[in-house]
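Shared between the two complexes below is chain A, which pairs with chain B and chain C, respectively.
Right, the complex of A and B next:
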């Protein structure tokens, strides 16, 4: 908590709620799906915050809200101390240089009719940077992401998935942003390519001082790159803290279950290892979330209190945890 | 394509493309004959005044109903014979190609532009804009063409402009529907979101990202519709609600001779052959363009 006061956050989101209005067939009125609820998170310059959770928990929605692709229904997004929640397209324009996003699917991220040169030139053109300057920077970008210079006159379909993701990263870096939202940037790639891209991202961070919001469902990947980790479940952050605290002494039962699912090499060698917890059931329907604690339907610790009251995100040792019975061991009552 | 792998490794490579795939178009051969016919029609249309031996609109009654040159009573001055007013049918066929081509090009262009704009806006902006535009499209498709044409001509008089108007009204909804669907799909792609994140405004996204991606579809639709338009124009002219006489339109020429089929078959038959040949060639070319460039087939 102390270190947060030392350096001002580049990104600060407070109590963000993002919902979708969906009309189900047959239903008269549109229902509201709350994908992200009351999320508060901040990222300091040069820091990597990992955001994990299973599919459908709202992590991508949060990423898109931060980058202002989606309108939050409540809460504020502040960038470099400036409240940008209700900025218009015109007001956002200068800020677009500062915050960029990389998506999961490198096949959908690049316009198939554009050559790589056009793809990389577009951000410069939009922001009125002269062709001469751009012409100088574009080859630099290519070498930054370790692609051959002759890539420029080729089309996206001539590249592999990993190469395309490099192009997407190069484009995101074109205007030297200070924050990069990485929405599952390696999930679609082979493990060997994953490692290359992760190393590349790490190198770029030390070189350019970028802040990353690293969204993933793979805890081992997040553990590899993050300074801090936030765990999301059904639209809410259930645990947030420094990477080592979250990984070594997880407090929320959901985090404990997630961590126990990481394959462990010591188990294969017959050594003593942590207990493997297998969650039962599916993610509850987000249209109709459970009362009280959202995790209670799959939790081993739940009792009446969890049904009645939603646990607030409160400090427990080094982390913030949203649980009535936090603790590394199973300390609470069992149902 | 998958079966080509089953060839033994030692087999000569030249035989590989001969493999037939069930259910797929086996050969996409360039339609040379079609291109030849259409090329000839274009040349003829462009150079009609240089080639034509007579005036297309004025004839001499003393020359009326001369049969084609190969028939008894034929005259080498009038290769394909003359009509009831003594006008040279060969000359009128040449000039008729101009009318057909002009209508085809203008109508394709206008319907394409109108339909593409409507489709792009409907597919990209969604919401009530889409609902309104697509209802208008559906309503247009429900209009009875021939009735519309007759009403329009009754109101405004027969003219080239009205023929164009009727054809464009009839055909733009097909573009609008197809382009809307594609624009819808492309709008969902990540690179559109990335363009937005880069700071591009919606109209510019539509212009620089979505339009280039629907161009192949527009091209395919346009080629497929050329034949339809030529046929439509001929039908309208035949019914007397198209190109007004004495302009030499093929449909009009067929109509001119319909009472004479027993006595002077060539008056109707020769322009009929011209329509048939051009429409067939345009259709074959359209099929080829669709097979070759349809983005959905190409992705396979």
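Right, the complex of A and C next:
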């Protein structure tokens, strides 16, 4: 893969901030919830970037901003070298073929009154592609996601969760996109089916050269599919780097805690496991994030510097880390 | 030999629907000793929740129907008991924590009030202030910060993890002998899951209660249980101590499940995946219900005609498969 080094990213976002305006009952003015702040990320063709974090960290908002379902309040989104940050609906339309999204819940994302044939025909119809072309493509899509040809006549409720997710993936692939945003694509599925879908996604990537943004809260799933991993906490990326760097020598105390919190079966198999770190407290209210480093309220390393100054995302060995006291060991001052 | 706290013998449960009959639990037997933690693992529809709910008289009848078996709790069969008799056992001797704390807590009653009610129901003679004191102690025990203040708050003022801890506090209120937790951490974030698991462990230590943990998450079971039961299509397919199940699994389904979990320590080139779909419970395959998805037995006629019985594999280790020897060598072949 020596071409990868010189390859231009298919997607490039710089200093993205996305906010929501919410009106709380009784309040005169709308408050602003900054869901994503100052995020920079790029994805190359054929690459999988994993985005992990807990609920409310902004990972789904970031996914929706990337494909311009949401408009960022600051920063730029470039797709294939073109700045699309402020593209109108009309301008986005041709680009929609290029970037597609697959959601968590295949029960909610498929129209229950449509047969699979209609579901798969929709993208072609919307983009004004002739029935003849669609008619040829649809059976191919089914075989891509390994569903039997007779599925076309059936309704979503006749399928299991895993099969429905295959239909949703087939629909996303209909217009031959180059980027797929996968938002928790396997978290609603049973364990044995999860592995099937993860393998299918990997096969499709090899076959079609797709780029993936893989959003999930489950680090072990992200670790299985990603080339690079970005960890988010309260709207910011706190660590980003190659898969092995982030998983084998995490530098940010949040990444270290997240990895150690995964119930790992290796202990029961008699292998050595890492120390388990239990974070205290809950995620702070995103409407009122802590000053300085946002993680400091749950951090074992924090000191006054962390209260006063927000740490920038800076290079540490192979990764980028936003911490005043980065390190694989539990180093730095304790409060 | 110790007399088990709970012995379930040959339990069968079915649901009679207008157009079909679902045999949700088929001849399930297991036992649980005092202070022991048993994990019940399976995918959706495997019968793990129905097994436990029917022991507690919590399945809707009709359409549910217990067609056979016994559930001896301290020697007394729970299955024939009246609703009233069961109610006094539930919450007192046996208590339960469910997946979604928001639907199990009453949203319009303060958490402390709900705790006090749990205490009062089983101990009406005690004074109000004593119940309050004990309630605050319980919130403290499950690690809720500022328990006096939190006692007077409503469930919506709690975070998800705190609500689940409040549920555990309520479940432990009357020092039950058995705590049943059904997917207690599934709705929670990873770091909060870890907190709740620690809370469960602490509560268990504190009261010496035995527990049953129902989950689809093998990783979770490996951290908290002493023994584990693996269920498939309403049957136990394998049972054993944690070390045996995770290091020497003998049933192809258990082996497949373990092989399909992504590992965080090393990236596998490709995950093993069990082919096919979980069975339609109204239409379970004949013979071994796992045979259509099985990498070992699959095509063999005995697997298609005869349902294998649980057989001893070692000390307290059982598996229901016609070809456990081959399953073990298939596993060894995969590992190399």
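Here, the second predicted complex is superposed on the first by the 324 of 335 C-alpha atoms of A that agree within 3 Å, B and C clash if a C-alpha of one lies under 4 Å from a C-alpha of the other, contacts with A are read in each partner's own complex, and residues count from 1 in each chain.
The working rule: a residue touches a chain if its C-beta (ideal position, glycine included) is under 8 Å from a C-beta of that chain, and two chains touch if they have at least 3 such contacts.
All figures in this text were calculated on a predicted structure; none of them were measured in a lab.
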**Request:** Check the residue A:92 against both partner chains and state whether it touches chain B (first), chain C (second), both, or neither.
**Result:** first
**Asked** chain B or chain C: which reaches more residues on chain A?
**Response** C
**Asked** Once the shared chain is lined up, is A:235 touching chain B (first), chain C (second), both, or neither of them?
**Response** neither
**Partner chain(s) touched by A:326 [first = chain B, second = chain C, both, neither]** = neither
**Asked** Looking at the overlay, what does A:302 touch: chain B (first), chain C (second), both, or neither?
**Response** neither
**Request:** Determine, under the contact definition given at the top, whether A:171 touches first (chain B), second (chain C), both, or neither.
**Result:** first
**Item:** Which of chain B and chain C A:311 touches, first, second, both or neither
**Value:** neither
**Asked** Of the two partner chains, chain B (first) and chain C (second), which one does A:105 touch, if any: first, second, both, or neither?
**Response** first
**Message:** So in the superposed three-chain picture, is A:122 touching just chain B, just chain C, both, or none of them (first/second/both/neither)?
**Reply:** first
**Prompt:** Once bound in the complex, which stretches of chain B touch chain A?
**Reply:** 189-191, 193-201, 209, 212-213
**Prompt:** Within the complex, which stretch of chain A touches chain B?
**Reply:** 64, 67, 69, 89, 92-93, 96-97, 99-101, 103, 105, 108-113, 122-123, 126-127, 168, 171
**Item:** Residue ranges of chain C touching chain A (in the complex, touch as defined)
**Value:** 43-44, 145, 159, 161-162, 189-195, 197-198, 216-220, 222-223, 242-243, 245-247, 256-258, 260-265, 267-268, 270-275, 277-278, 293
**Request:** Provide the residue numbers of chain A that touch chain C in the complex, in ascending order.
**Result:** 54-55, 160, 162-163, 190-196, 198-199, 202, 217-221, 223-224, 243-244, 247-248, 257-270, 276, 278-283
